[in-house]
Amino acid sequence: MTFLSEFGALFLDKLQSPTLGFLIGGMVVAAVNSRLQIPEAVYKFIVFMLLIKVGLSGGIAIRNTENLVEMLLPALFATLTGIAIVFIGRYSLGLLPKVKMMDAIATAGLFGAVSGSTLAAALTLLDSEEMFYEPWAAALYPFMDIPALVTAIVLASIYATKQRQAAEARLNQGEYFDDQQPPQPQNTRIKIWPIIQDSLQGSALSALLLGLGLGILTDPTSVYDNFFNPAFRGLLSILMLVMGMEAAARLGELRKVGQWYAIYAFIAPLLHGFIAFGFGMIAHQITGFSYGGVVILAVIAASSSDISGPPTLRAGIPKANPSAYIGSSTAVGTPVALALGIPLYIGLAQTLMDMAG
Amino acid sequence: MGRQAYMLVIVTEKLLLKQVAKVIDAAGATGYTVAAAGGKGSRNVRSSGQPSVGDSFSNIKIEVLTPTKEMATMIANKVAAEFFEDYSGIAYVCNAEVLFAHKF
Amino acid sequence: MGRQAYMLVIVTEKLLLKQVAKVIDAAGATGYTVAAAGGKGSRNVRSSGQPSVGDSFSNIKIEVLTPTKEMATMIANKVAAEFFEDYSGIAYVCNAEVLFAHKF
Amino acid sequence: MGRQAYMLVIVTEKLLLKQVAKVIDAAGATGYTVAAAGGKGSRNVRSSGQPSVGDSFSNIKIEVLTPTKEMATMIANKVAAEFFEDYSGIAYVCNAEVLFAHKF
Amino acid sequence: MTFLSEFGALFLDKLQSPTLGFLIGGMVVAAVNSRLQIPEAVYKFIVFMLLIKVGLSGGIAIRNTENLVEMLLPALFATLTGIAIVFIGRYSLGLLPKVKMMDAIATAGLFGAVSGSTLAAALTLLDSEEMFYEPWAAALYPFMDIPALVTAIVLASIYATKQRQAAEARLNQGEYFDDQQPPQPQNTRIKIWPIIQDSLQGSALSALLLGLGLGILTDPTSVYDNFFNPAFRGLLSILMLVMGMEAAARLGELRKVGQWYAIYAFIAPLLHGFIAFGFGMIAHQITGFSYGGVVILAVIAASSSDISGPPTLRAGIPKANPSAYIGSSTAVGTPVALALGIPLYIGLAQTLMDMAG
Amino acid sequence: MTFLSEFGALFLDKLQSPTLGFLIGGMVVAAVNSRLQIPEAVYKFIVFMLLIKVGLSGGIAIRNTENLVEMLLPALFATLTGIAIVFIGRYSLGLLPKVKMMDAIATAGLFGAVSGSTLAAALTLLDSEEMFYEPWAAALYPFMDIPALVTAIVLASIYATKQRQAAEARLNQGEYFDDQQPPQPQNTRIKIWPIIQDSLQGSALSALLLGLGLGILTDPTSVYDNFFNPAFRGLLSILMLVMGMEAAARLGELRKVGQWYAIYAFIAPLLHGFIAFGFGMIAHQITGFSYGGVVILAVIAASSSDISGPPTLRAGIPKANPSAYIGSSTAVGTPVALALGIPLYIGLAQTLMDMAG
C-alpha cells in the first residue's frame, strides 16, 4: 500500500506548518483566559489585505495570459458543490433529533459558503509546496459561496411556508381564540437577486472582486510586489491567531446547542472537501484542470464562511439561532478545514501526481 | 418651559439599525440618536455573530424623542412585531422635556 | 432615599465637546458623562465633516446630573444660544434620583 | 400599557464591568446594557490608567431596568459599598415604562 | 503643434497609474453599496504614515545638503497662491445666484488649503518618473495651507460684520419689535494667531512637521529606508481607495447644495494648479527652481484639504454649511486634482523640459 | 581616568539614536497641544507585534541551541531584583512626608514590573551595536515582572491589615458611636496565585509567551524573517512617539501628586538598573552570563510597566491613587529608563568589555 504510506507521510509533513502553530496558539491563548486582543480594526484590515491580495494576484495573472474558458467547468462544479452541501445538511443534520430544521439549514448554508482566510491559508501552503494552480482558481470563491447562501435561504423559506400552511390547516379545523386574528395568507415569493446582491456587497467578496478587477484592468504589479505580497504570510499568521482565539471562545456556545452540531461540524468539512475534490478530478480529466486547482476547489468546499456569511444568514434566515451555525463553523468547522482539510487535500493531490507520473 | 416629550429607547442588534430607522422615520419622529452598546438579556444564549475576540459592542441603543406617547408606543409596537420574535431587543419609554431642538 | 435631581442630555457635534464642557463647569455642575453617538435630525442635510466611509459616530451625547432644574435649563440655554444656531444639536431633561455620588 | 419599571444607571471605571455585572445578575435583574463613556467627576484628579493619548473612553455606563425600586437601590447599594470608596462612580435611577422585553 | 501632441501623449500615459486605479476602484465600491470598509483607525494611521514619511524624506535631504535660502521665493509664491485662491472663490463662486457667501468663502478656503494625500500621490508619480525636485518642496505645504485658511476665516468674519452693520442700519431706520432687543454692536476683532496655531496643531500638518524635524535633527535614515519608505506606495494605494469611496459617498451631499458647487469644484483645482505652475515657472527662471518643484507647487494648489481643513473651517466659519465645502472638495475637487491635475502638471513640465533642451 | 572618559564617549554616542528622537518628538507634539493621535487599535497592535517578535526570536534561538540551565541564575537574580525594588520603594518613598504609603507601594510595584517597549528598545540598540546576548535573556521579563507586582500587592495588604488593627485597638479603648457597628475582624489572607495568573493573562506577557512558545514548538523562521523582524524597528519608533506623547500628557498628573514622586521617578530607574547590573556581573563571573545579557537585566529593572502593570495594580491595590504611580512611571520613569538608562548600561558594559580585553 504505497499510496497510503506516501500520503500519510505527506499529510504529516503539512501538519507542521507555522500557520497551524498560530491557529493552535490562538486557541491556547483564549483557553487560558488571556486578555490578549487583536483590535477589531486591525482584524478587519488584515482580512481586507489578504482578500485584495488574493484578488490582485488572480487578476494580474488573468490579465497576462489566461484563457478564461477553462474556468467554466470548475465554476460549474463549484456551484454544484455549494448547492449540494446545503441539501446534504438539510437532509442529514436537519433530520436529527433535537435539531431544529431552520438551524440546520442555516448551518449547512454557512458550511457551503466560503472562508477567505481558509482560502488564503491554502494558497500559502500551495505556494510553499510549489504546486501549480490556475491563477483564476481563487476566483471560484463566489461561484460556490453565493449559490450556497442562496440555496440555504430559499430552502429555509420553503420550509417556513410549509410549516405555516400546516399550521393553518390545523387551525382551520379548530376554532379561533377570541383575541386572535386568523393568520393572513402570506404571499412571500422569495426573491433571489437581493440575496446575491447582498453577498456581493459583503466586505470579503467585495475586497476579492476589487482586487480581481484592479488586477485585470490596471497594472498594479509594482505595488503588489512591494506591498501586498510581502505582507501576506505575516498577516495570515495573525489572522490564524485570531481564528484560534475565536474558535476557543465559541466552544461554549457550541456546547449549548448540542452535540449533533459538533459532530456535523467535524465531519462535514472533510466530506465537502472530498466531494469537491472528486468534481475537481473530473475537470482534471476533461479539461486538464491542475492538481493545485483541484486542491483549491476542495478547500473552498471544506471551508465555512466566517465574515460575510453570518450576517447574510442572520438577515436571510432570521429564525435560525446564530449560536448554532456560528458556533459549529467557528469552533469546529474552520479549525478542521484548516488543520486537517488543507494538509489532507494537498497530500492527496501530491500522491496522485506522483502516481500519475 | 420646555415641551413635554417621551423618550423611547430601543436596544437591539446592530444589524437592524437601518430597518428600525425606517420605522422611526415612517412614524413621523423628527430624529433619533444611536449609540453602540453591549449587553446581556434573555436571548444572550444567542450569538450576535460579531467576532467575540474583538473589542466592539454588538448591540445598538436607539433613542427617539416623540411629542406624544402614542407615537412612541406605535414605533415600539412596529419594531417589536417585525423584529423581536427573531432578534433580541428591548423597548422602554421615559418622560422627558425637550428644552431645545431645531425641529420638534 | 436618594436625592432628587435632573438629568440634562445634550446631543450635538463632536467638535463642541470642549466648549460645552466649559459651560457645564461654569454652571457649577459636579460632573458630566460623555458618549459617542450618531443620529439623524433636521440638520442632517449638513455634513459633520467626519469621513463617512469610516465606522465612527460623529455626534456626542453629554449627560449632566444637576441638583436643580434651574441649573439644567441654564446650561441648556447657554449651549443653545452659543451653538445651536450654527451647529446641530438637541437638549432635553429628565427626572432622576441620584443614589450615590462622590459629590453631588 | 407597558409595565412600570426603574432604570438604574451606573457610570464607573471600565475595569469594574465584570464585577458590577455579577452584582446585577445576583440581584435577579433580567439583563443590562453597557456602553463606553467618558466623563468628568470629583475623582477626576485620579487617572484611569488608560493611555490618554488614545481616542477611547475609560468609563462604562451600565443601565439596568428593574421591576421594583428596591431591586434598583439594592444593586446601587451593593455596588457603591463594594467599589465607590476606591473607584470613581455615580449611580442614579429614573422612572421608565418597559414596552417590550423578551423577559421582564 | 508638437507641443500639444507630446503633452497629450505624456498626459495619457500618466492617466494609467495604479494609484488612479485604486481611486476609481474605491468609487465603484461605494457606488455599488458595498459594505467594504477601511476602519477609521487604519485610515488615520495610514495618513500619519504617509505624512511623516514625506516629512522625514524632506528633513533627511535638508540635513544633508540644502541651502534653504532657495526656498524663500517658492514659499512666498505658495503663500500668494493660497491667498489668491480664496479671493478668486469669494468673487466668483460667492457671487453666483443661490450660493451663500459664507459657504463660498469656506469652500474657497478648503480649495486653497492642501491635501497631504494628494501631495503624496504626486511625489510617488514624480519618483517613478524620476523627475528631480528639491527635497524641501513638500515643506511648501504649510506656506499655502495656513494662509488660505486664515484668509477664508478673516474674509468670512469681515463679511459677517458688514452684514450685521447693514442690518443694524436698516433696523435703526425702522422701529423695534416689542420683544426684541436692539442688537449689541459687537466688537469682534478677528485674531489671526489662534487660526495659525489651530492649523499647525492639526494632525496632518503635525505629522509632516514632526517628520521634517526628526529628519533634520536626528538621523532616522535606517528606519526610513527599512520601514517608512517601503510601505509608502502600498499605503498610498489604500488611501486612494478610501478617497474614492469617500468621493462617491459624498456625491449626494454635493447634489443637495447645487450645481454651482460641482462646476466650481471641477474647474477650480485645475485653474489653481495653473496659477501656481505659472508662479513656479517664474521661480524657475529666477532661482532655478526645478521642474519637479514646479509640479509640486501646482499640485498643492490644485489639491483641497481633506483632513485638517474641514474641522478648522467648521470652527472658524460656523455659519457655513459643511455639506457645501466638504461635498465640493471630496466628491469632485480631490478626484479632479488626483486624476487630471497631477498627470497634467507632470506632462506639462516634461514637455517644457524637453523643449528647453 | 580612561574608564570614565571612554564611558562618557560611549554614553554620548548612544544618546543620538533615532529611537530617542521619536521619544522626544512625541513629547514635543504633546507639549504643543497637537491633535496628532495614534489610534488606540494601532497602538495595541504595535505593542503586540513587538512583544510577539521578541518572544519569537527568543523561542527560535532556544529551539536551536540553548542550554536553559544557564538561565537559572539570571532568572533568580531577576526575581530578587523585582522584590528588592518594591521593598526599597516602600522604605524610601513610602516614608517621605505627604506620601501615602499605599501610593508609594503601588508606585514601587510598577517600577519593579517590566515594560516590554523599553525592553524592545534596548534589544534594538544591542543589535545595532552588535553586542551578543543570550537569546533567552528577554525571557527574564516575567521573572522580574510578576514577583514585583505580587510583592507590592502583598505589602499593601499587610499594611492595610495593620492599619485596620491599629484603628480597632484605638476604637476598643474608646466607645462606639451610636449608629456604628464595631468593625468586623476581617480575615483576609491574601492569595498569591490569582495575582500571578492575572499577570500572565495580561496582554503584554501573553504576547511574549505566545511568541516564545511558537518559536520553541513550531518553526516560524520564514514568517519571522519576512514579517515580524523587518517591521520591528519601524513599529518601535512609532511606539516611542506614543510614549513621548503619553509622558508629556501625564506631566500634569504627576505635578498634582507632589514632587517626591518626580524625584523618585528620576532616581529609581537608574538605581534599579545598577542593582540589576551588579547582579548580572555576578552571574557573568559565575556562569559566563554575557555582557549583553547583563544590559538586558539592567534595563528590565530600570523599566517600569506601562501596559499590564497599571490595571493589575488598580485591581490589586484599589486604595492607591493611580495618578501617583502612572504619572511617576509614564511621565518620568520611562523616559529616564529609555533616554538615560539604556545608553548608560550599554556604555558601561562596553567599557567593562574593553577593559576586560
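List of remarks:
Should a chain be cited, it is by its letter among A, B, C, D, E and F, assigned in written order, with residues numbered from 1 in that chain.
By definition in this document, a residue touches a chain if its C-beta (ideal position, glycine included) is under 8 Å from a C-beta of that chain, and two chains touch if they have at least 3 such contacts.
Small disclaimer: the values here were computed from a predicted structure and weren't measured.
Listing every chain that touches chain C and chain E alike gives an empty result.
Of the two interfaces, A-F and D-F, the higher number of touching C-beta pairs belongs to A-F. Most remote chain with respect to chain D, judged by CA-atom centres, is E. With centres set at the average Cα position, the gap from chain B to chain D is 19 Å. One inter-chain figure worth recording: chain B and chain F are separated by 46 Å, centre to centre, where each centre is the mean of the chain's CA atoms. For the pair chain B and chain E, the distance between C-alpha centroids works out to 40 Å. A separation of 44 Å divides the Cα centre of chain E from that of chain F. In chain D, the residues touching two or more other chains are 35-36, 94-95.
Residue positions 37-42, 231 of chain F each touch two or more of the other chains. Across the assembly, chains come into contact as A-B, A-E, A-F, B-C, B-D, C-D, C-E, D-F, E-F. Looking at the complex, you find that chain A touches chain B at residues 30, 37-40, 43, 242, 245-246, 249-250, 253, 256, 310-311, 314-315, 318-319, 321-323, 326-327.
Taken together, the chain A residues at the contact with chain E in this complex read 39-42, 44-45, 48, 200-203, 206-207, 210, 213-214, 217-220, 222-223, 226-228, 231. Taken together, the chain F residues at the contact with chain E in this complex read 16, 18, 20-22, 25, 28-29, 32-42, 128, 230-231, 233-235, 237, 241. The part of chain D that touches chain C in the complex is made up of residues 8-9, 11, 35-44, 57, 59, 61, 72-73, 76-77, 79-80, 84, 88-95. Interface residues of chain B, counted against chain C in their complex, comprise 1-2, 5, 7, 21, 30-36, 65, 94-104.
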